[in-house]
Amino acid sequence: MQRIDNRLEDELRPITIQKQFTDKTPGSVLISAGGTMVLCTASLSDKLPPWMDPEDGRGWITAEYNMLPGSTSPRKKRERDGKVDGRTSEIQRLIGRSLRAVVDLERLGPRMLTVDCDVLQADGGTRTLSITGAMIAMLDALHSIPEFAGLTPGEERFPLKDYVAAVSVGLLEKTPLLDLCYQEDFAADVDMNVVMTGSGKFVEIQGTGEEATFDETELVQLLQLAKKGIRELIELQADTPHKVS
Amino acid sequence: MQRIDNRLEDELRPITIQKQFTDKTPGSVLISAGGTMVLCTASLSDKLPPWMDPEDGRGWITAEYNMLPGSTSPRKKRERDGKVDGRTSEIQRLIGRSLRAVVDLERLGPRMLTVDCDVLQADGGTRTLSITGAMIAMLDALHSIPEFAGLTPGEERFPLKDYVAAVSVGLLEKTPLLDLCYQEDFAADVDMNVVMTGSGKFVEIQGTGEEATFDETELVQLLQLAKKGIRELIELQADTPHKVS
Amino acid sequence: MQRIDNRLEDELRPITIQKQFTDKTPGSVLISAGGTMVLCTASLSDKLPPWMDPEDGRGWITAEYNMLPGSTSPRKKRERDGKVDGRTSEIQRLIGRSLRAVVDLERLGPRMLTVDCDVLQADGGTRTLSITGAMIAMLDALHSIPEFAGLTPGEERFPLKDYVAAVSVGLLEKTPLLDLCYQEDFAADVDMNVVMTGSGKFVEIQGTGEEATFDETELVQLLQLAKKGIRELIELQADTPHKVS
Amino acid sequence: MQRIDNRLEDELRPITIQKQFTDKTPGSVLISAGGTMVLCTASLSDKLPPWMDPEDGRGWITAEYNMLPGSTSPRKKRERDGKVDGRTSEIQRLIGRSLRAVVDLERLGPRMLTVDCDVLQADGGTRTLSITGAMIAMLDALHSIPEFAGLTPGEERFPLKDYVAAVSVGLLEKTPLLDLCYQEDFAADVDMNVVMTGSGKFVEIQGTGEEATFDETELVQLLQLAKKGIRELIELQADTPHKVS
Amino acid sequence: MQRIDNRLEDELRPITIQKQFTDKTPGSVLISAGGTMVLCTASLSDKLPPWMDPEDGRGWITAEYNMLPGSTSPRKKRERDGKVDGRTSEIQRLIGRSLRAVVDLERLGPRMLTVDCDVLQADGGTRTLSITGAMIAMLDALHSIPEFAGLTPGEERFPLKDYVAAVSVGLLEKTPLLDLCYQEDFAADVDMNVVMTGSGKFVEIQGTGEEATFDETELVQLLQLAKKGIRELIELQADTPHKVS
Amino acid sequence: MQRIDNRLEDELRPITIQKQFTDKTPGSVLISAGGTMVLCTASLSDKLPPWMDPEDGRGWITAEYNMLPGSTSPRKKRERDGKVDGRTSEIQRLIGRSLRAVVDLERLGPRMLTVDCDVLQADGGTRTLSITGAMIAMLDALHSIPEFAGLTPGEERFPLKDYVAAVSVGLLEKTPLLDLCYQEDFAADVDMNVVMTGSGKFVEIQGTGEEATFDETELVQLLQLAKKGIRELIELQADTPHKVS
């Protein structure tokens, strides 16, 4: 099958990662995959969410997702009327869960880490690229805390237990494809977002056939593709040099 | 593993289905699974959503989900302040997609079918039971349309191509369990909602490890359990006698 | 005058009362009068409203009213956009005042009792049936408090001083009618909701002539009808056996 | 019983009525009763509410009620956060129904008349004084329509069939009182708002015993007092000279 | 140039000031300039805004601005849907800043002074007349505090350092005009609002050419006109006798 | 006076301008001045605002302004709760007016041009830099319309009549300074935003002394500084090569 951008069926789009793109937050990453570009900033605060007991010693990680009006054509209306739409809310909950799955909230201590994923340009896969970029911004923010400086994911005292990344896969005319761009995503019968750790464990699988279905064989093929893509993304994450303050 | 209600690991909770529970909508089903009880009503209208072209001839199916304040303890605040929360929005989008996956919207014709799933009592699995009940309410609503009276899912002229049902599965202390009640759901490391058709195809898989992960072997075990449960649920759906007006 | 459902002018619709319909709240009553069906659940909490002084020792009783979308045809839009409409707000304030009129808030102690009245099916008289049902759910909730178990309305130590029930009356083509169904209510020139106690005292009278008026003779006739109906309703309330936990 | 302002039990507070207080609307009345002052402006428009059929030939009358922040002490927060509170909504619905009860909407023709009642100073009885003042502003607005100029309430071609006015009555320590000021209203056991026409017919009776009840004898006494007060108010309304443009 | 109301180019509209127009707030001023009429009420409270440290000893002054629906023709919709529009918000921020510019917040002490400017009738210049009236209401409110009774603006212990007033100026067909009425404002190419103190210092200059521009010479002419007008307004403010309680 | 970043009193911060930073909108400019960075995207649409008559032939230009949460420290809460705050609303109205002042809306034709200014990093002067950047994005968007391709501001057939740019000036310890960074802006007694055209005409002057005032001499000094800065900014705008599609 000929893909619109001539990629192989199991090929990721070209990824660029620019750390410290802005300087007001301890983590700030501009990440792009083909025509999708997301600015991920990670902020730290001592103010825990109201439902947490500050005496408890645990921290919390949350995420917000937003598409800038100019990130799509036609222009996307801002979500300012008090109704964060269902899709936005679903995505930011997914990003938050994905990040928390690889963090030991007790080791984090009574801190609130918020990652903002603002999509500057959208061409498919914005939620998965947000997770992949948010992971790096989160790592930089953790390194900005003196007691965690220089530690790496998986080290005993470090709250980050493992890397995490995400990718979309889908079935287009029965062919399983990795990392769908917008036009592929639009045409796909089945769309699946997979979030995995550096050690190859699943964090989330969200497979959905809008007006379609899929069988077990197809499921297995899609998961294999996702695994390959996520392995490559985590290598890129780990290769990006740590921010030195 | 001893389950809290003495069920086997692969055993559904007892299901009751009461059709025509109320009489203002063409479909109305009170469904319960153990301590979870949902009222599903299906309404028909000629008014399509604004983004659809009424000339186009296609119809649409949507769903709303809501928990009554008295369905849980402590009492759940009503979502009346203009902010439908993320969980609610996510669930009603899932129910809508699941129903649409088994309907031919062209055969449905320019009609709007809305299924309301109001949880009267909540004890885990409210979203999956909503899908299972909504399917029956939708079937009754379709039968109330004269041209579709008496047809069955899969018949050529009938918009409903297949049955659809859903169930939750999860990993609790590494043991895969079918149809989690609230206490099990709360304690589970991994929680997965599976939506399948009568012919055994996946419609949705949503597996999530909040602060946990799962590997491929566990994934396969969970999907097998879900399949067994959904097969039994679809038998119950098909056994419920059609509403005779 | 021939009524649409062949009732006498001073005849109530058939009433059914099902206690403990759900099990998450100390009071839960499914009440129906003809085609109107309301689920009343009564919850208890230690959290008083912010304007009350918890040191004061008094409790509070409040009510919320809601019509499920499928309770009417055409389907009723959910009140989720942050604007509880005037009618809803007026009704739930009326229910709350009616319940508080028969409760000694000091004897209740620093407790918050919330009664939720969710209309499952609407055929006129939803606000008055809500009051009649809410009274029973409130009684059960009070009985769930150990120090009040087994006491009856009017007993010295019991916060409930008397029973309370409500009914609608109206003038249809100059004829006074008891307990209007939707079609009668729609056609009536004058509509009056009356709330009374077991000892025959008025709690609320809300008589309104939308684009019409009424004179004193008619007022007296309407109040007599209401009295008769409420007497019968309170007998039914008192006959419903207490919930035994 | 000695009233706080030395009035007799059946005595109204002094009333002042200033027509054409502002000049942007066809009706504009500043009315005060003791320490309560309300600005009632009546606007006309050709734009009917969306639920009305403009072909139908009928008009509509609606009202809005609002208390200015400086009308009470402590200052009242503006209702700007999208939640018109229950009390406000209840009052403006009452004002609208009261006005419509004396208007023939067909004779009015396809016109929208909106009366705004803005309370500049509040000392009890704001809702009843709003009705009494709104009536005069409405009359002036009707007179501004050339075909109705110079006609009086009750004349055949005039949409206004009769005068309408309102007053509050209440039981304070078992004594029935007319036209309660704020301190009396606050202390009263039973509070009743009565709306009547010039010909002595009831339009609305809203009697309520917050944490109290009342019997039939008391009801009769309260209604007699209200009648007396409303008769005097309607004389004042009729005496106010018509606006001459 | 012939002005619509025959004023000279540098002539203010006739001003009337009525103090103690209402009696629930320590300051209450009804001010009018030609056809524009604003009710300014000043309330005092001990409750500082949440972002202030009450230990700090400083106070705060804020303002709210609102146009009553009947103040314009056609009727202005109330801002009740949770969205205070941009113009309203801009104006009330301007009024607040203007008042704070002449107050020593430390001398004021830990008090919150809120000035509400409700426009009863609008004919241009509502924001500047609000500032001029709010100043007088604020002065009365300050005098109601025992320790400040009888002091005058500029006296050492008095928080009010100077008078403040505002006026609009504009370019209409290249002619600079003082105190624009609505029709002039609508037609003007350049519109400028100027806020000045009694000692002739600028507090705010907001000059704007909607679809137009202006050069330095014109700027100087406009500022001269504004100065003249404000001098006259401040004389009127100072002449209004102090409220004697 | 020693400025925090060693600039001269009349020196702008270093400016960088990156056109076509994103590719979904006809205009897209990433502009930075010192530590302030704004992404300006200009979108075109055929959908005019509802209050415009599409038959009229005129177009419209509007702007939205937003600060990303990570653009400041501490993190800025998103404006998602339905309440666009006063400052935001004021700024986006200013940007819109400034752009419209240099456009001939009739020559533009029935088109809607929306410029979104999203602040990625904030260090003072975000509103003025937004105007300066929005001008360039608007120019590129106009060039993307075939009939205007290659034309320059001021050419007869081109809707853009002139360049427009903006800068902030202020009084810090009585010294007039050009282009204030955040720390200077925070400490300044008087803050003034000036918007001017390429031909040196004023579009907007907004001078404000929060808890301070300024005299005419200071006003003249501030305007001189602003003029110098804007002249330099407009040279930079004109030097940025046009986007070639």
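Points worth noting:
Read from first to last, the chains carry the letters A, B, C, D, E and F; within each, the first residue is number 1.
To be clear about the criterion, a residue touches a chain if its C-beta (ideal position, glycine included) is under 8 Å from a C-beta of that chain, and two chains touch if they have at least 3 such contacts.
Predicted model, so just to flag it, every value in this text is computed and none were measured.
The interface formed by D-E recurs in A-F: of the pairs listed in E-F, A-B or A-F, only this one shares over half of its residue-numbered contact pairs with it.
Note on chain placement: the centre of chain C and the centre of chain D lie 29 Å apart, centres being C-alpha means. Computed from the mean C-alpha positions, the centre of chain B lies at a distance of 60 Å from the centre of chain E. Rounded to a whole number, the gap between the C-alpha centres of chain B and chain C is 33 angstrom. Across the assembly, chain B contributes 81-84 as residues in contact with two or more other chains. By the touch criterion the chains form one closed ring, and its order from chain B via chain C is B, C, D, E, F, A. In the complex of the two chains, the chain A residues touching chain B come out as 82-87, 89-90, 92-93, 97, 100-101, 105, 197, 200-216, 219, 223.
By the touch criterion stated above, chain D contacts chain E in their complex at residues 21-25, 28, 35, 37, 39, 41-43, 45, 64, 66, 68-75, 78-84, 114, 116, 118, 120-122.
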